[in-house]
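Following are the structures in question.
Shared between the two complexes below is chain A, which has chain B as its partner in the first and chain C in the second.
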Partner chain A sequence: MPETAHPASSLKLAIAPDASLPARQRGAWRRRSIPFLLLLPTLLLMGYTFILPLLTFFQYSFFTYRRGRLVEEFSLETYRRFLFDGYYRTIILDTLWMSALVTIVAVIIGYPLAYALWRLERPWMKRWLSLIIFSPIIVSVVVRSYGWTVLLADQGPLNWMLLKLGLISAPLTLVFNLTGVVISLSHVFLPFIVFPIYASMTRLDPALREAAMDLGAGWWFTFRRVTLPLTLPGLVAATQIAFTLALGAFVTPAMLGGGRVQVLPLQVYHATTDINWPVAAVGGLTLLLMAFVSVALFNRLLKYSEA
Partner chain B sequence: MTLSSLPPLRYMLLWLFTALGVVFIIAPLAVVIVNSFSSVAYNVFPPEGFSTRWYENLAGQAAFYGAAWRSLVLAGLATAGALVIGTMAAYALVRYPLPMPSLLKAFLLAPIVIPKIVLGVALFMFFVRIKMFGSYSSLLLTHMLIVLPFVISLVSAALYNFDWTLQEAAMDLGARPLQTFIRVVLPEISVSMVVAAVFAFVTSFDQVETTLFLVRTDSNTLPIEMFLYLQKWQDPTIAALSSVLILFAVSIVAGLALVLRNRQLPLDMRPQKDDTP
Partner chain C sequence: MHPDVEFRSVTKRFGSYLAVSDVSFVVPRGSFFSLLGPSGCGKSTTLRMTSGFEFPDVGEILIAGEDMSNVAPYRRPTNMVFQRWALFPHMTVYDNVAFGLTVDRVAPAELKTRVGEALELVGLTSFAARKPKQLSGGQMQRVALARALVKRPKVLLLDEPLGALDLKLRVQMQLELKRIQREVGTTFIYVTHDQGEALTMSDQIAVMNNGRIEQLGSPQDIYDRPMTRFVANFIGNANILPVEVDGISGTQARVHMGSLSFVTDVSEPPATRKALIAIRYERIRIGEAARGLPVMTRGLVRDAIFAGSAVHYLMTLEANQAEITVEAAHDGLSQPIAPGTTVDLGWEPSATRLFPDA
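Moving on to the complex of A and B:
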C-alpha cells in the first residue's frame, strides 16, 4: 500500500470530508456485526454438531440395508417397511403407552409434593424439601436406575417389606418389566414435574384462596375452582416436559426393561449396533416427529390452560 | 395463613404423602449405599452380612479410574468451552436487536428438545462419514453442544435482569467494553454462571446416550463404563462406585448451597421469558 504509507496522503484522507463518510459507515457496520461475531462460535458449533449430523441422519433414512450391506441409493423402502410392519407399529404404540404411564404416575406423585412444598411455612423445611426433591438430578441416571433394580428385585427391600407386612404372599415381579421402567422413570422425571407446578403456585395470589374460603367455599371446592385452574399452566408444562423426556428415555428402559420393554430409543440403539443404519435413521426420525408433535400439542394445551 | 388453621385430617394426609414422597425419592439412593456394604455378590434384603469387600474390589478396577478421570476432564473442558461461547451468545441475544429473535432462541435451545439417543446416533453416523469418528474433538464438541443450552438460557435470564445503567455508567467513566464486562457485568451474573457451570458439568459427566457411540471401547467415560458393566454383571462393585458418586453429588449440592447462601436460586426462567420482546 504505497499511498497510505505516505504520511501526507493518509492525513489528507483522514480529514477529507468525503473520505470520513465511508469510515463512519465502516464503524456502523462493525457495530452491527458485533452480535453476529458473538454468536458465531455458537452457530459454528451447532452447524457442525447439530445441523450436519441431523442432515446426515435424514440422508441415511432414504438408503436401504440389504443382505448385510448398506445400499446408498435413494429409496423409500425403509419408510415403507417401517410404516406397514406390525412390529414397528407395536414399538411406537408401546413407546407412547409407556410415556403416558410415566407422565401420569409422575404427576400423581409430583403435584401433591409441589403443593406441600408451597404450603410449608418454615423456611428451613422448605429449603430441605426442595433440596431433597431437586438433588437427584445431580445423580447419574445409571446410578438411579441401578438403585431401582436393587430396590424392586424379587429379594429386594420392597418385596421383603410387603411380605413382612403380610400384604402379599409371594414376591411381586416389579423389575425387568414395564412396571419397573415406569416407577424408575417417574423417579427420574419427578424434579422436572415438581418445579414448573411449584413455580405456578408461587405466582398464585393467596388472597384469591382466602377470598374463596371467606365466602364459605370448602377446601375441595376452593382447590377445584381456584388453585387447580390457576396452576393448570404449570401442570401442563410439567406434563409436556415429562412426556417428551419419557419418549426419548433410553438408559432406564435398557436397564430395567429386561428386554421386555421395546421402546423406540432401544430400537434405534439396536438397529445402530446391528449396522442397520437406515432403520435406525427412520426410527430416530419417527421419534423426533413424535417429540415435536407432542411439544406442539402441549403448547396448544398450554394456551388453553392460560386462557 | 398458618398450617394449624387447616383441618387436621387433610393436613395430616398431605404430610404423610410428603413423607412417603421423600422416601420414594431417597430410597433408590439409600438402598445402593446399603447394598455396597453387603457381604454377598447377589442382591438380597436384609443383607446377610456387612463387609467392605466391594470397595476393595472397586479400588482394584483400573478401568473405572481411567473412565472417571476421562469423564472429569471431558466435563471440565466442555463446561469451560460452553461457558465462554454460551455467554457470548447470551450477551448478543440480550443486548442486540437480532433478526427473528424468538426463532433464533428456539433454535439455540433445540438440542435440549431432541431425544438424546437420536442426537447420539446422528452424530455417530456423521462422524463416521467424515472420518472423524473416535477423535477427541468430536466427543468434546458434542458435549459442548449438549451443555450449551443450559448456559445460554441461565446466563441470558441473568442478563435480562441486569441493571444496564451500571454498564453505561462504567462506559461513560471511560472503561473499555471488555473491561466493563469483566469488572461490572460479570460479578452481577456470577451466581447464574456458577449454577450454569454446575448444571453443565453434571449433564456432561452423566451423559450416556450421546457418548455411547462416540467413545472407543478402550476409552469409555464413567457412565458408559458403568452402563456396560451392568449389562454383564450385577455385583455390588457398582453399588460401591455409585455410593462414591452419590457422595460426590452430595458434596456438589453442599458446595452450591454454600455459594448460593441467602440468594434466590435463579431457576425460575419463566417471567424473564415473558419479558422478551
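Moving on to the complex of A and C:
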C-alpha cells in the first residue's frame, strides 16, 4: 500500500520526537512521571520553607548565646537547659497542659455537635449549622480575641448575666489567664473537631444502628457499643488536629493569656526578638517533637480500638 | 392461640407516595411467610413496619395478639436479618451474635451456651473469633441469621438476605434457611423479589404490587392459579394473549381468538367482550404430546432457543397469528424442532386464566 494513503498517521510519526521507542514504553514513562511533576511545586515549597529552615534551626540549636551574642561553637548547653532547667520544664508542661485542656473542651463540645449535625434531617438546617461551626475560622484571629476579651471581662456580659442570675457572688476571672485562652482556642478549633467526626459518622452504615436497635439496644447502648467505636477514627483525627494546632498556638495565648500563659511558642517568639537563636531553635524543635509524639500516640490508640 | 403476626388494613405514606395501601394478612405461628414483589411494591415497608422501624399511618399491626402501635423496635419480639446483613464490623463473629444477649443482660454462662448453640446451628463454630471482613458473603449471612435467632424471637424478619450472594450459594442457602426454620420452629417473614426463593421456601406467599397484596396463597396456588394479570405475569413465564369472550358461566368461560374457540378458567371476570388470557410457557404441549388435548391448534415454529433443561420455541399461532413462546422439556436425546415447521399445539382448559383487558 502506498505511503500517501495514510497522511494522518505519517504526520503523527513525524511530530513525535521519540518515535523510535515503542508506544507502550513511552506511555508507561509518562504515566510514571506525571505524579512527580504534579508533586514538584509542593516539593519545592516544602524544601524551601520547611526542610531548609529545619536544617538551619538544627544547626543553630547547637550554638550558645552569651551576653547578647551568638557563639558559633558546638555545645549541648541549650538542650541541657531545656531538659533540666525548671523554668523550661514548666513551660513545656504548661504547653502540654493547655493543649490537652483545649482538646478535651473542644471534643466535649464538638462530638455532640457533630452528632447533632449528622442527625439533623433538614438540609437547610445542616447548612446553617455548618456555617456557624465554620464561622470562627472566617473571623480574623485578632478580632476574635478582642471579642472574647470583651465577652469574658469582669464587667462583661457573661459575668453580668451570671451575677444577675445569682449563680455567682463576685465576677469570675475569665480572661487574661488560662481559662480565657482555653475558651477561645476551643472555639476556633471547633470546625477541625466537628468535621472529621461528622465525616466518620456519615460513613457509618445506617443499618448498623437499626440492627443494634432491632437486637434490643436503646440509644445509649447503641451509642457506646456501635456508634462511638466506629466513629473513633474520626475522633482520633480530630484530637490530633486540635492538639497539634493548640501546641503551636501563639496569637491567642499572647492576647488572652495576659502574660500568665507562658507557652512554648511565646518563648520561641521572645527568643527570636532577643535574637537568642539557640533557644528559639531548641524551642521550635521541641514543639515539633511534641507534635510528632502526640500524633504517634493517638495513632497507637486507634490501632487498639479499631476493627 | 393468636397468629404470630396480623396486619389489619395497614396504610403507610411517605409524603405523597403511597407505599403500603390497605394491607391485611395473617401469618400463622411457625410458618414461612413470603412477601414477594418487584422493587417499590411496598414489601420492605411492610417488613419495616413489623420490626418497628416505620409506623403505619392507618391500621393496626398485632404481634402475638398484642397491638404494636406504641412499641419501639427494641421492645418487639421480632428480630431482623438485614439486606446487607449489617454486621458490626468492629466485633468478632462471637460478639456480633452475643450482642442481643448482652443487651438483655443474660447471665454469662447462659450467654455462652446460647451463642455456642446459635453458631452451631449455622455451622460457624470455628469462625467465632473472626471479624466480619474475614468472612465470605455466605458466612456473613449465617452470622446475621445466628445473631437474630439467638434472641429467640417470636418472628424472624428477613429482608432479601440472599440478594447479595451468587446463584449457586443462593440456592444452597435457600435449602439451609428452610432447614433452620423447621429446626427452630420460628415464624419467618421473608421479603424477596426473587420468585424462585419464595416458591421454594414458603408456606404462604403474599404477592405485592403498588402497595397492595395482589394474591395471598400457597406457592402452588399462586403459580397454578394466578388471580390477577400481574401475578400471572410476575411469577413464572406466561403468554398473555387477547381473546373475545363469548360467555361466562361460574369459573369457566368460552372465548375465541381468531378461528380458535375454547373453554378457559376465569381468574377475574371481565366486564367487556375483549379480554386477556394467560398461559404458562410450559403448559402448552407441542407435537405428539398435543394430540387428544381438549384445546388443539397449530403453530409455526419461527425460532428454537436451547436453554439446557428445556427448549423455548418462538411460534406464531395459526388461528390469529399471535406470537407465543412454548417451553418443552429437553430429554437430552432428541433434536429440537427445526424453525419453519408447522406443528400441533394443545393445552388443558385449566392451563389458561381469563383476566380483564386493563
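Here, the second predicted complex is superposed on the first by the 263 of 307 C-alpha atoms of A that agree within 3 Å, B and C clash if a C-alpha of one lies under 4 Å from a C-alpha of the other, contacts with A are read in each partner's own complex, and residues count from 1 in each chain.
Rule of thumb we're sticking to: a residue touches a chain if its C-beta (ideal position, glycine included) is under 8 Å from a C-beta of that chain, and two chains touch if they have at least 3 such contacts.
If you're wondering where the values come from, they're calculated on a predicted model, not measured in any experiment.
When the two complexes are overlaid on chain A, chain B and chain C sit side by side with no clash.
With both structures placed on the common chain, the touch criterion links A:Gln155 to chain B but leaves chain C unconnected. Counted by residues of chain A touched, the larger count belongs to B, out of chain B and chain C.
Residue contacts after overlaying the shared chain place A:Leu230 against chain C, while chain B stays out of touching range.
Contacts of A:Leu165 after superposition: neither chain B nor chain C is touched. Within the superposed three-chain model, A:Ile132 lies in touch with chain B and out of touch with chain C [touch as defined at top].
Of the two partner chains, chain B is the only one touched by A:Tyr48; chain C is not. In the superposition on chain A, A:Ser140 contacts chain B only, with no contact to chain C.
Contact with chain B, but none with chain C, is seen for A:Val251 once the two complexes are overlaid on the shared chain.
By the touch criterion stated above, A:Glu210 is placed in contact with chain B and with chain C alike.
Superposition on chain A leaves chain B and chain C with their closest Cα atoms 7 Å from each other.
Contacts of chain A with chain B, set against its contacts with chain C after fitting on chain A, overlap at residues 210. Of all the residues in chain A, the ones that touch chain B in their complex are 34-36, 38-39, 41-42, 45-46, 48-50, 52-54, 56-57, 60, 109, 112-113, 115-116, 119, 121, 129, 131-133, 135-144, 146-151, 153, 155-157, 159-160, 184, 187, 190, 195, 199, 202, 206, 210, 219, 244, 247-248, 250-251, 254-255, 265, 268-269, 272, 277, 280-281, 284-285, 287-288, 291-292, 295. Chain A contributes residues 205, 207-208, 210-218, 221, 225-226, 229-230, 306-307 to its touches with chain C in the complex. Within the complex, the chain C residues that touch chain A are 51, 53, 72-75, 78-80, 82-84, 86-90, 99-100, 103-104, 131, 133, 147-148, 151. Considering their complex, residues 1-3, 6-7, 10, 14-15, 17-18, 21-22, 24-29, 31-32, 35, 42-46, 84-86, 88-89, 91-93, 95-96, 98, 107-108, 110-111, 113-119, 121-127, 129, 141-142, 144-145, 148, 152, 202, 205-206, 208-209, 212-213, 223, 226-227, 230, 234, 238-239, 242, 245-246, 249-250, 252-253, 257, 267-268, 270 of chain B touch chain A.
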